[in-house]
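Paired with chain B in one complex and with chain C in the other, chain A is shared by the two complexes that follow.
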Partner chain A sequence: MFKLVMTISLIIVAISTLLYVYRLVKGPSTPDRVIALDAIGINLIAITAIISVVLNTSAFVEVILLLGILAFIGTVAFSKYLEKGEIIENDRDQ
Partner chain B sequence: MSVIVDFLIGFFILVGALLCLIAMFGVIRLPDVYTRNHAASKAATLGVMSILLGTFLYFYFYEGHFNSRVILGIVFLFMTAPVSGHLINRAAYNSGVKIWDKSVRDDLKEYNQKKRNKSSID
Partner chain C sequence: MKKTHVKTNDVIFQPVTKVVAFIIIIYSLHLFFSGHYTPGGGFIGGLMTAAAFVLLLLAFDVKTVEKTLNVDYIKMTATGLLIAVLTGLGSFFYNVPFLTQTFSYVDIPLLGKTALATAVLFDLGVYLVVIGVTMTIIQTIGETE
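== the complex of A and B ==
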């Protein structure tokens, strides 16, 4: 029963991750695609957590933290690029 | 005891997975960037936090160790997901993405116009 619930939740999260690809391909503007990629990264965290419960090991727990940090940094860099046109500003330019 | 713990872990993980599914439907079906971001940054965050809470309970009750990295992951996700949602929404507004044509209020536009008029008078 426990295994069945874990499998069902894993399938649900996998389907939702897969269907974000629709918004990633079709999204009319660039921020749509960035939102979809951010949500895919967050769903990968959930998949890693459920997999580590199913496999009964805590070896993948660092992956959760690492994916969270990488998704955040990627979204911040992309939104700064969209807003200002450059990611790391050079002070002597002004 | 074991049945209660099983039920609790299964409840948290299943609810989190269903919240992820709801967030996906919101991102696919809502009409413009801002409403889509509203769905993605709230429902997906709560769903993944619930799944991580279920994982923490599993390791705590079955393996018997207090897995502080999962707690750190929950706290980090709770802090950063709204911030990244805010940043990408502000970047979308400032780079000129249109809001939905049936929406009735845009307070930020009036505010920006007022500020521009004041700076042109000064």
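== the complex of A and C ==
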């Protein structure tokens, strides 16, 4: 019963990831694609959590926080590139 | 690169960075010290510390971060390599092959009985080298106009 619930939720998250991949390919503008990538990262966190419950291990718990941090930094870097044209500025007060 | 001459005010991003950077650094230290018994270690710990520094570089600029942290990343890489080689050379004093690692149980106040392994010192070298190389690459790319 418990395993069935986990499998069903895994399938639902996988379908949602596929829909985000559609938005990533089709998305008319670049911000659409960036947001789709960010949401795929969050879905990846969910998949990792569900799989670590199914496999009955706590070895993947560190991966969850790692993916969260990396998704945040990646999205911030993308949006800074879209807004300003450069990611790392040399001197702000110019 | 196109440059817009509009002053931007990152009033949400900069305070969030000030909090999140500390959380990332603490997490990277946790990954570094837990490497012996659970997933983690010097490599991923160093990468996460570099990620915190990159987040600071994103929120502020290269000059501010250099003034605040004040570390020479090339010297950091050299120090890491030196530590890794010295832990290998230390085994010669005990008539054992190069890079032999050992550990012992030590009673530390507050922490109690703790296993201290010399492999942690080698891992510290890896940690410093990974931070140094990553930050050298990113800063060199970011500085050029």
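By our rule, the second predicted complex is superposed on the first by the 92 of 94 C-alpha atoms of A that agree within 3 Å, B and C clash if a C-alpha of one lies under 4 Å from a C-alpha of the other, contacts with A are read in each partner's own complex, and residues count from 1 in each chain.
Here is the rule we go by: contacts are C-beta pairs under 8 Å (C-beta built on N, C-alpha and C of every residue); 3 or more make two chains touch, one makes a residue touch a chain.
Please read all numbers here as calculations on a predicted model, not as lab measurements.
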So, after the overlay on chain A, do chain B and chain C clash or fit? They fit
Partner touching more residues of chain A, chain B vs chain C, is chain B
Pick one for A:K3: touches chain B only (first), chain C only (second), both, or neither. neither
(message) Quick check on the superposed pair: does A:S52 touch chain B, chain C, both, or neither? Answer first, second, both or neither.
(response) first
With both complexes superposed on chain A, which partner does A:V76 reach: first (chain B), second (chain C), both or neither? both
If you stack the two complexes on chain A, which partner ends up touching A:D38: first (chain B), second (chain C), both, or neither?
first
**Message:** Quick check for you: in the superposed arrangement, does A:L65 touch first (chain B), second (chain C), both or neither?
**Reply:** both
Between chain B and chain C, whom does A:I15 touch in the aligned arrangement: first, second, both, or neither?
first
In the overlay, chain B and chain C get no closer at Cα level (Å) than 7
Shared chain A footprint, chain B vs chain C, residue numbers 62, 65, 69, 72, 76, 80, 83
So, in the complex, the side of chain A touching chain C is made of residues 59, 62-63, 65-66, 69-70, 72-73, 76-77, 80, 83-92
Listed in rising order, the residues of chain C that touch chain A in the complex are 1-4, 8, 13, 20, 24, 27, 31, 38-40, 44, 48, 51, 54-55, 57-58, 60-64, 138-139, 141-143, 145
As the complex stands, chain B meets chain A at residues 6, 9-10, 13-14, 16-18, 20-21, 23-24, 27-28, 33, 36-37, 40-41, 44-45, 47-48, 51-52, 54-55, 58-59, 62-63, 65, 67, 69-70, 72-73, 76-77, 80-81, 83-85, 87-92, 94-95, 97
Per the touch rule above, chain A residues touching chain B in the complex are 1-2, 5-6, 8-10, 12-13, 15-17, 19-20, 22-23, 29-32, 34-36, 38-39, 42-43, 45-46, 49-50, 52-53, 56, 58, 61-62, 64-65, 68-69, 71-72, 75-76, 78-80, 82-83
